[in-house]
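Multiple structures follow.
Each of the next two complexes has chain A plus one other chain: chain B in the first, chain C in the second.
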Partner chain A sequence: MAAVKADNHGMRLASRYAVLILVAIIFVFPLLFMVMSSLKPSAQLLLDTKSLRAFLPVGDLSFQNYTDAFARAPIGVFVFNSVLVTGITVLLCLFVCSLAAFAFVFIDWGGKAVIFSVLLATLIIPYETIFIPLLLMVSQLPWIGADGFELGWLNTYRVQIAPFIADALSIFLFVQFFKDLPKELIEASRVEGASWWSIYRRVVMPLSGPVIATAAILKFLFMYNQYLWPLMVVQEEAIRPVMVGLGYFTDQLNVPWGEVMAYLTIITVPVLGFYLSLQRVFISSVASTGVKG
Partner chain B sequence: MADVKLKGLKKSYGEVQVIKGVDIDIKNGEFVVFVGPSGCGKSTLLRMIAGLEDITGGTLEIGSKVVNEVPASERGIAMVFQSYAIFPHMTVRENIAFGLTIAKTPKAEKEAKVAEAARILQMEHLLDRRPSQLSGGQRQRVAIGRAITRNPEVFLFDEPLSNLDAALRLDMRMEIGKLHKSLDATMIYVTHDQVEAMTLADKIVVLKDGYVQQMGAPMDLYHRPENLFVAGFIGAPSMNFLDVDIVAQDANSAKVRSSVVAEFAAPVWREGVGQTPRATLGLRPQDLRPVTEGGILQGTVTLAERLGTETVVDIRLSDGQRVLASLGEDRVFEPGETIHLDFDHDRAHLFAPASDQEKEAAQTAA
Partner chain C sequence: MASKLTRANRAGWLMAFPGVALMTLFIIVPFFLAFAYSLTNQRLASPNAAEYVGFKNYSDLLGVAVFTLEPERDDSGAVIRDEDGEIEYPRLRGFTRNNPDYPNLAGKREWFSWQSGENRTVVLASDVVFMKALVNTFTFVLFVAPIQAGLALCLALLINQKLRGINIFRTIYFMPVVVSIVVVSLLWQFIYSPGEGLLNNVLGWLTFGAFEGIDWLGRTDTALPSIMAMSIWQGVGFHMVIWLAGLQNISPTLYEAGEIEGAGKWQTFRYITWPGLRNTAVLILIVITMQAFALFAQIDVMTQGGPLDSTQVLVFQAVERGYGKQDISGGSTISAILFVIVLTISLIQRYLTRER
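Up next is the complex of A and B:
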């Protein structure tokens, strides 16, 4: 009996792993294709797409595409810009959205239910629909910088950051997480004399690791993948992000696919690095709450 | 340490009134326990004293100062919650010192206070652990430690032992009793466990539906309950209630009987008794004793539970009413056996006639 039971258990485990491996392969293949293609000359790359060779390190392999890609576009600048804009936006978003959620969950104030409903309703509005009015607005905004007073935010880092600091999805994620925190912890803090700011800083945020990781990853991906908005508001090469930089590799007649793949491989590294650093917390968050992400 | 005075205290949530005018006078150093069934408003009342709930009406004084509008942190109180409410990301030391850290207390003073609280609660060896490494009892001790370091005028406990298992509950109950004696602090304690109430309290306040039913020393409530609800709520097993007719009455006593109760004279002191020829007779299960024949009650044993130190007998009277007798000895009774019961007549309680629902509500609330 015991042997049969153990066999059944083994079979179940094996089939479960088989499914997981299959899913993993499906997700890994595009990445594998990208990396392998980046090592092949364009002509061979296109030929290989007809067979499984596209996923294998076979044929004439070299880093020539990488050298060419770096020669064609200031990739370092683009990656730096994207990491800077994305990093600052993520940090500000975590701060602002968690504060907003804190106010929605823990502090009593008139009209918060209505305001929260309106906020949630904005989830269904795609950014693309507001980009034109937003563009008109940012082109008129004042700023006092090193050169004194100026008008218009175009061609700056801040125009790539400010519109995306607060977003309804991040606030919603924080609200859902905060609601599940034990109310007594907040009440105990109040009795102990903690101000709202102290409660936020010393009690709520240290307990919010999972939702911080989730919101950070989602925001990071959203910001890093930004294309349309920076294309509209940034014309200077020095402050362009990576996705706009992709335009350097296409023209109407000829696409250097090997270089494109090399470029994509390079710009994927920061995303993978960021995701892997938060992966453990992210997965525990998704698994434990089922609502995050 | 301070007096606490509740004067006509009321609390409403919209149209629903949950505390309907409560007057309680708590003296400096007193241990007062709020008891009552679920939903009676005892926790709400405690939270109003703590400053965690707004006060709708009446005044609350702590140390002869009205504190209705004073924030929780400035009322001179410390609170221990049912769920411990200790911070999982901090060590025991940081938890205990939380209030002091917030108040920016100098480091040396903070460490001294934490050490003192740890010594009182015998948890010096736990100071560098995290809450996840502690047992339920230890966690509750951390919560109490946090309260002690605040050196509050009033300690508030909201069902602090409810989450502990029976053995630990007994230990912690004794520790809280000792703590009260050593700190000599005013303590207000909410529980639905009447054993905690009876053993810890200097004064018990019995609440029901947002009203105070009775308050007084535990034994006063046990021996002289003012109404049917308190009589049924205090004491375990619950008091037996039987309908009787009053056949004669003088200033201090009334002769009562019914089809199942032989005639006897019971003391009369409660309001409302004797205004009608009917009354409700209350008999504590512990006051009943078996006699070989005669006695006031006679019935058939349906179940007997032998607990070693006592035997709880479930008896059905000839009219179908049920009586529990808690006999202070180990005796064997067989189901179906006839039993005669008597009691000290001065220990009988007469109440104004009550409906079956009122009787049941009083008995099941405990």
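Up next is the complex of A and C:
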């Protein structure tokens, strides 16, 4: 009797894992296919899709596709641009949004309730619905730079950065976190005569590690994966980000699939590696966008 | 005391200022500009100043008319039929072009039609492509939102089991979320391709060769569903994690109570889990709906709106006009319509799911 029961338990366990593994295969196979294909010549790559070989490192393997891809497009430049734009935007976002959230939570000032609810209302505006008017706006914005006064922000780094520094979700995440900090801490510092700036810098921010990670990861994913906006505002090769750079491979009469897979691997695997090494933080970041409301 | 308050006032303003200013300039102002431009003939680069045109952009996009065509009759009043026995109708062009008797049809084109008795009823639209984009976008949202939310909940329940190594599976299921939708679209374009496509080959194996390959993205009836399936594949992990957070917020004592009462699996879900997920459900539906309406990259990479406009969607149309044709006012009008739709739907969802 006991044996039958144990057997049943074992079967149940096995079937549970079978379901989990089957689902995992569905989520992994395109990515596995991408990496494996990037190592194969285009002709073999196409043939291999007829069998399980598509997902295995078999046949004529080499890094030739990578060499060819680097020869076809300035990949280094694209990666540099994406890293630069993403990095600067994330840093500025963390600073600007945490500062604003600090003012909303800890300081009493006239008009803050109204302003906060207006900012929060913008959560309902998808970026895609403001890009067209924004395109016209940035094409006419003034700028004072190294070359003096100039008009128009198209084909610059700043046009890829400035519109995305401050957003409602980031501010909201900081506000939620700050609200749960013990008020006594801040009051004690006030009594001691600390300025708001030093409370922000020395008391609040050092305690905000988790929310900083959350906001940084969400912003990072959004910025690195941006496509539509850079497509519209960046035509110059020298400042193009990785997603727009794909056009170098796909706008061909005969798409060089091996090279495409190599390029996709180059721009995806570092992000996947970053995710896998910090997966707990990534997942709890996304989960925390759900606890509002 | 007063001076202290003013100082706090100034400090508050100063610290909030950068964020407030940036959001005003880059989100709130363009939002209102979309509505303002939609009432003009603004172009991206034009020597002429834009003029106010009222609601012309809206009527150019949304104009619809229904018209009944009566069959051609000969002198005796009998219906004229062609060699195949099909009824002959007067040409639609005669009514839509320079016909002073039908001002409401001027410039419109046939969108779709149906037969009723001897007559043919034709629905005409000022902008047939836009209408198709509107219908496709709604179709996309109506399928993707519930299916993605439902599958995400199933995955969350799957992942919420207490099993050894469950975190590995959670990590894998979430993986597509961190991959750019552009990369995903290209990969799936390959999976869906007609000749060597992985999907065709897999379906071929499973049916022992009985399945004949389909050009998934090249047929009007499979293109949009293919894009839906791929979008769900990419996005479902995101919402799984939000469901999971909701699941783990439900107090374990409720489950213990259920167990003592002898509740079955389904009863536990129906009376403990589901009510506990109420707020999460509202949030997820609204977020998915908003994301689904913003569909763009998949279309741009995979189909460019084709074949035969069967994958035209609103954002793609807005970009094609506002950026491609430099028609800022046309693109802004579509953006404004899109925003009104998104707002209306999330208000309706909120109303339907309100606490009673």
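Note that in this section the second predicted complex is superposed on the first by the 229 of 293 C-alpha atoms of A that agree within 3 Å, B and C clash if a C-alpha of one lies under 4 Å from a C-alpha of the other, contacts with A are read in each partner's own complex, and residues count from 1 in each chain.
The rule we apply is simple: a residue touches a chain if its C-beta (ideal position, glycine included) is under 8 Å from a C-beta of that chain, and two chains touch if they have at least 3 such contacts.
Everything numeric here is computed off the predicted structure, so don't read it as measured data.
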item: Chain A residues touched by each partner, larger count belonging to chain B or chain C; value: C
item: Which of chain B and chain C A:I266 touches, first, second, both or neither; value: neither
item: Partner chain(s) touched by A:A213 [first = chain B, second = chain C, both, neither]; value: neither
item: Partner chain in contact with A:L173 - chain B first, chain C second, else both or neither; value: neither
item: Partner chain(s) touched by A:I132 [first = chain B, second = chain C, both, neither]; value: second
item: First (chain B), second (chain C), both or neither touched by A:I239; value: neither
item: Chain B versus chain C as contact partner of A:C97, first or second or both or neither; value: second
item: First, second, both or neither for A:M36, with chain B first and chain C second; value: neither
item: Shared chain A surface residues [contacts with chain B and with chain C]; value: 195
item: In the complex, chain C residues that touch chain A; value: 5, 8-16, 18-20, 22-23, 26-31, 33-34, 36-37, 42, 44-45, 155, 158, 161, 163, 166, 169-184, 186-188, 190-191, 195-198, 201, 233, 237-238, 241-242, 244-246, 249, 279-280, 282-284, 290-291, 293-294, 296-297, 300-301, 315, 318-319, 322-323, 328, 331-332, 334-336, 338-339, 342-343, 346
item: Contact set on chain A toward chain C in their complex; value: 13, 16-17, 19-20, 23-24, 26-31, 33-34, 46-47, 49-51, 54, 96-97, 99-100, 102-104, 107-110, 112, 115, 118-119, 122, 124-137, 139, 162-168, 171, 195-197, 200, 221, 224-225, 227-228, 231-232, 243, 246, 250, 257, 260, 264, 267-268, 271-272, 275-276, 279, 282-283, 286-293
item: Chain B-facing residues of chain A, complex; value: 182, 184-185, 187-195, 198, 202-203, 206-207
item: Complex contact set, residues of chain B against chain A; value: 50-52, 71-74, 77-79, 81-89, 98-99, 102-103, 143, 146, 150
